[in-house]
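Order as written gives the chain letters A, B and C; numbering starts at 1 within each chain.
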Amino acid sequence: MINMKELVIETRNLSKRFGDFIAVDNISFEVNKGEIFGFLGANGAGKTTAMRMLCGLSIPSSGDAMIAGFDVYKETESIKKNIGYMSQKFSLYENLTVEENIQFFGGIYGLSNSDIKEKGRALIQKLGLESESRKLVGSLPLGWKQKLSFSVAVIHEPKIVFLDEPTGGVDPLTRRQFWDLIYEAADRGVTIFVTTHYMDEAEYCNRICIMVDGKIGAMGAPDFLKKKFRASSMDEVFYELARGAQRKDA
Amino acid sequence: MKFFTNWHAVHKEKMHNMKRLISFVKKEFHHVLRDPKTLMILFGLPIVQIMIFGFALTNEVKNSKIVVLDQSKDASALQLLNKIEASRYFEIEKSVTSRDEMEEAFKEGKIKMAIVIPDQFQHDLLHDNKATIQIISDATDPNTANMLNTYVNSIINDFQSSLMQGTNIPYRIIPEIKMLYNPQLKGVHNFVPGVMALVLMLVCVMMTAIAIVREKETGTMEILLVSPFQPLMVIVAKTIPYLILSLVNVTMILALSVLVLDLPINGSLGLLFAVSTLFIITCLSLGMFISVKTQTQQAAMLISLVGMLLPTLLFSGFMFPIENMPLPLQIVSNIVPAKWYYIMIKSIMIKGLGFMYIWKPILILSGITLFFIVVSIKNFKIRLA
Amino acid sequence: MRTLKFLLQKEFRQIFRDKTIIAIILVMPTIQLLILPLAANYEIKNINLSITDHDRSAYSSQLISKITASGYFKLTGYNDSFKESLENIESEKADLTLEIPANFERNLIREEEQKVFLAVNAINGVKANLGGAYLSTIIRNYNQDLRMELIPQTKINPLPVIQTTNSNWYNTLLNYNLFMVPGILAILVTMIAGFLSALNIVKEKEMGTIEQINVTPIKKIHFILGKLIPFWIMGIIVFSIGLTLSRVIYGIVPLGSIPLLYGFIAIYLLAVLGFGLLISTYCDTQQQAMFIAFFFVMIFVLMGGLFTSIDSMPEWAKTVSRFNPMRYLIEVMRMVILKGSNFKDIRFHFLIIAIFAVVLNAWALWNYRKTS
């Protein structure tokens, strides 16, 4: 059954060391196409470092990883053409307008001018930003910025989109709307790789991986994990695992 | 009783504010100290600058390269040229044989002056009692040209007097020159205080301006402003760490000036620190003013560097004499804080003068400081309302 | 190529969005170019002199009127005691004092020799030196006149005299602006181009947008070119404004070729921008970048040969100044604008600045890593 599916992320014994400190310690996992894969862990557990390696932002110390069929050591440029990325720090240009940001990011991902126009219009319409399209992104409320940021991250229809704590600091309603966008993208076949520390969001994922001290503490579907740890919610699963952690907030 | 509780509450509130301020200052300090790279830059660079400029800069003109077109090649010409070569002002780059060659040397920018000694120099001098030497200077730099002219003329005068030795000259007025404060005419005494004023001013203004605008730019200022703090307190708390850092900087710069650059401290050390503190506060308030007026770090930095570097350099008076400037600019120079600090450290360190001689600059700096603080607070309030 | 187009579009939009920055870039150099050259006059005149005349004789007052008539000195004190004159120096009212002793006139005639005393505030060494030299010359001339007057013409022994003629090439009137304006323009262009480029990449780092750029397929070289080109254009604009101003306001018409000047500035700007980029690749915050840029720009400005002569520096400082790109620009500006030097005269300057441009940009490119 697994063989039938297309693997878009494959890692084997992936590690990253900074001097004596092992930020990511021998992790191996696979993610299927169209899957929503949650990456959980306390601060300092190594999730951001792991994600940066998968995006080609950071070169692994050892181990292997293939992203969308490309090698993270040698083919980072090809990887970058096939992924989208949105970080916890809001990363559109605040002093450009909504339209200008769309035009810029569409342009550098090689979309044609007509594509940029068309997709831009559709995107603005979907987010209900028609009257704001000529405003500076910096003047928008945080929730809108994040939704816009996500939409821009998938404007070139990447195989995978990496989301690094995308919903930090927004209200539950906006978070819900944000997840609607994620589901929609997943339905179109975009693989979602998301880190978060909101446990309710973990429940929205198809499968999750919990990092503890740079290692994989547990992995599987939310229901599977709850059963395994005899917990009623993901919160409890998480605390069960986090209790044994050596590294506290770094 | 009611009065008492009220008073008590007010007092408690005050204590509370004080505690808050202290904890806030502590936080700011941690913020500054946590970043070793920035800290090294803040401390290291001004000190390195003082050292480099202290040793390298002098507005004296010496070792200027010249060429000689000697058409006579006789003993007198040789004697005169030896005298010129021996002086510390000149260095004969080469002897040329034609005017074209001389002109070439000027155009390549290698030389500052050319001396043309005529054919039959010695003969003219001894038989006709009169010979003419042509001096050509590269006047693209009029300052250097002027000074070199004066120097070469005085060497030639000396040479002339040496020719007259043995003859008794009646009715002689002999000027006797005494150099006060700086008998060896060291450039250091003029430049180090000037460079100190310049570097301190720019560093302090930039530091404050950037620190505050940065909070604005990253949006954290809004958070601080909605906190129970008075806006003024926020600003004060942000500047205190920089005041202390700057004082440490001043101490190190002073120590180096005395130990390495041989600058004396003839006056009172206490007074020196007092005026330095005043000057730092002036600069911090100017930085505050810039930060209130700008929205981005880039703007704040461009104003405090591109806008202030050259004016501070020129109007502080250590490089160019202020009394030479046109009157409107002399007036403008009065609003440059570095000018007053430069006057004060020169007076205290080198001349050893006391408070009585510098109360005027102190008053002016205090006035400038007050002005910036008041205007900043006003603008700050307007922005809030 | 298409990527570069989008990058440039973005950079220009960001530059022009911030009206404050644009105003600063265009207005500040203009104002400074209009005001500062007037302030940077080094000619030593108006030397403040206070005189203590214990003699108050005909000769002493003749000498004093000779001094004041010379135009170099301004009489700011005429005192009875030397102590008062010294106080004038302490309070900066006077730069030097002349003391004419009692019985000056009588001694001069009877004893054929008389001393006068000069005391100079030597904190400013140059002023002291020149002031002393001027005053000595005036006294010597007065002395000669006096001698002529006292000794019958026929009795003078013919003494050898060396006359000097001084010609000031390239700037006959010793106009200070000719020297200062091109130099100040060189500094302003360098500061603007250098600071803007030093801050720019760091700003993207600080704001977090660089992460977003780093996960896109943008090539290093495109990203850096996207940053360089707009500031290169800004630099050329500022330079052109400055050149126009110096022509219109100060009447400075370059003697040499203007295309040659632009050719040099084009390469020079690449070097400065490369330097700014290099700084920004080493820094994490704009604050750090700014301080480092400030550090180097101060050294460039003060050791560039505009304000103080490079020849007068100690050997190690001369070596340092050889690594100062601004020095070459100031020299080239002076040579081409005032002396009419041609390409052959400045070929080494071209070569050196081209090496700067290549090395600095290559270094910046190498150090700007998208991955760590």
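Keep this in mind: a residue touches a chain if its C-beta (ideal position, glycine included) is under 8 Å from a C-beta of that chain, and two chains touch if they have at least 3 such contacts.
The structure presented is a predicted model; accordingly, all values stated were derived computationally and were not measured.
The fewest steps needed to get from chain A to chain C, moving only between touching chains, is 1.
At the far end from chain B, in terms of centres built from Cα atoms, lies A. Between chain A and chain B the centroid-to-centroid distance comes to 54 Å (mean Cα coordinates, whole Å). If you average the CA atoms of chain B and of chain C, the two centres end up 13 Å from each other. Residue numbers of chain C whose C-beta contacts span two or more other chains: 18. The residues of chain B lying in touch with chain C in their complex are 35, 37-38, 41-42, 45, 48-49, 52-53, 55-65, 91, 106-109, 112, 125-126, 129-147, 149-154, 156-157, 159-160, 163-164, 167, 169-183, 185-187, 189-190, 199, 202-203, 206, 210-211, 214, 294-299, 301-303, 305-307, 309-311, 313-315, 319-321, 323-326, 329, 332-333, 343, 346, 350-351, 353, 357. The touching residues of chain A, counted against chain C in their complex, run 55-59, 76-77, 80-81, 83-87, 89-96, 100, 103-105, 107-110, 136, 162.
Residues 18, 20-21, 24-25, 28-29, 32, 35-36, 38-46, 48, 63, 89-92, 108-109, 112-130, 132-137, 139-140, 142-143, 146-147, 150-151, 157-172, 174-176, 178-179, 184, 187-188, 191-192, 195-196, 199, 203, 283-288, 290-295, 297-299, 301-303, 307-309, 311-314, 316-317, 320, 331, 334-335, 338-341, 345 of chain C touch chain B in their complex.
On chain C, the positions that touch chain A within their shared complex are 2-3, 5-7, 9-10, 13-14, 17-18, 207-209, 211-212, 214-219, 370-372.
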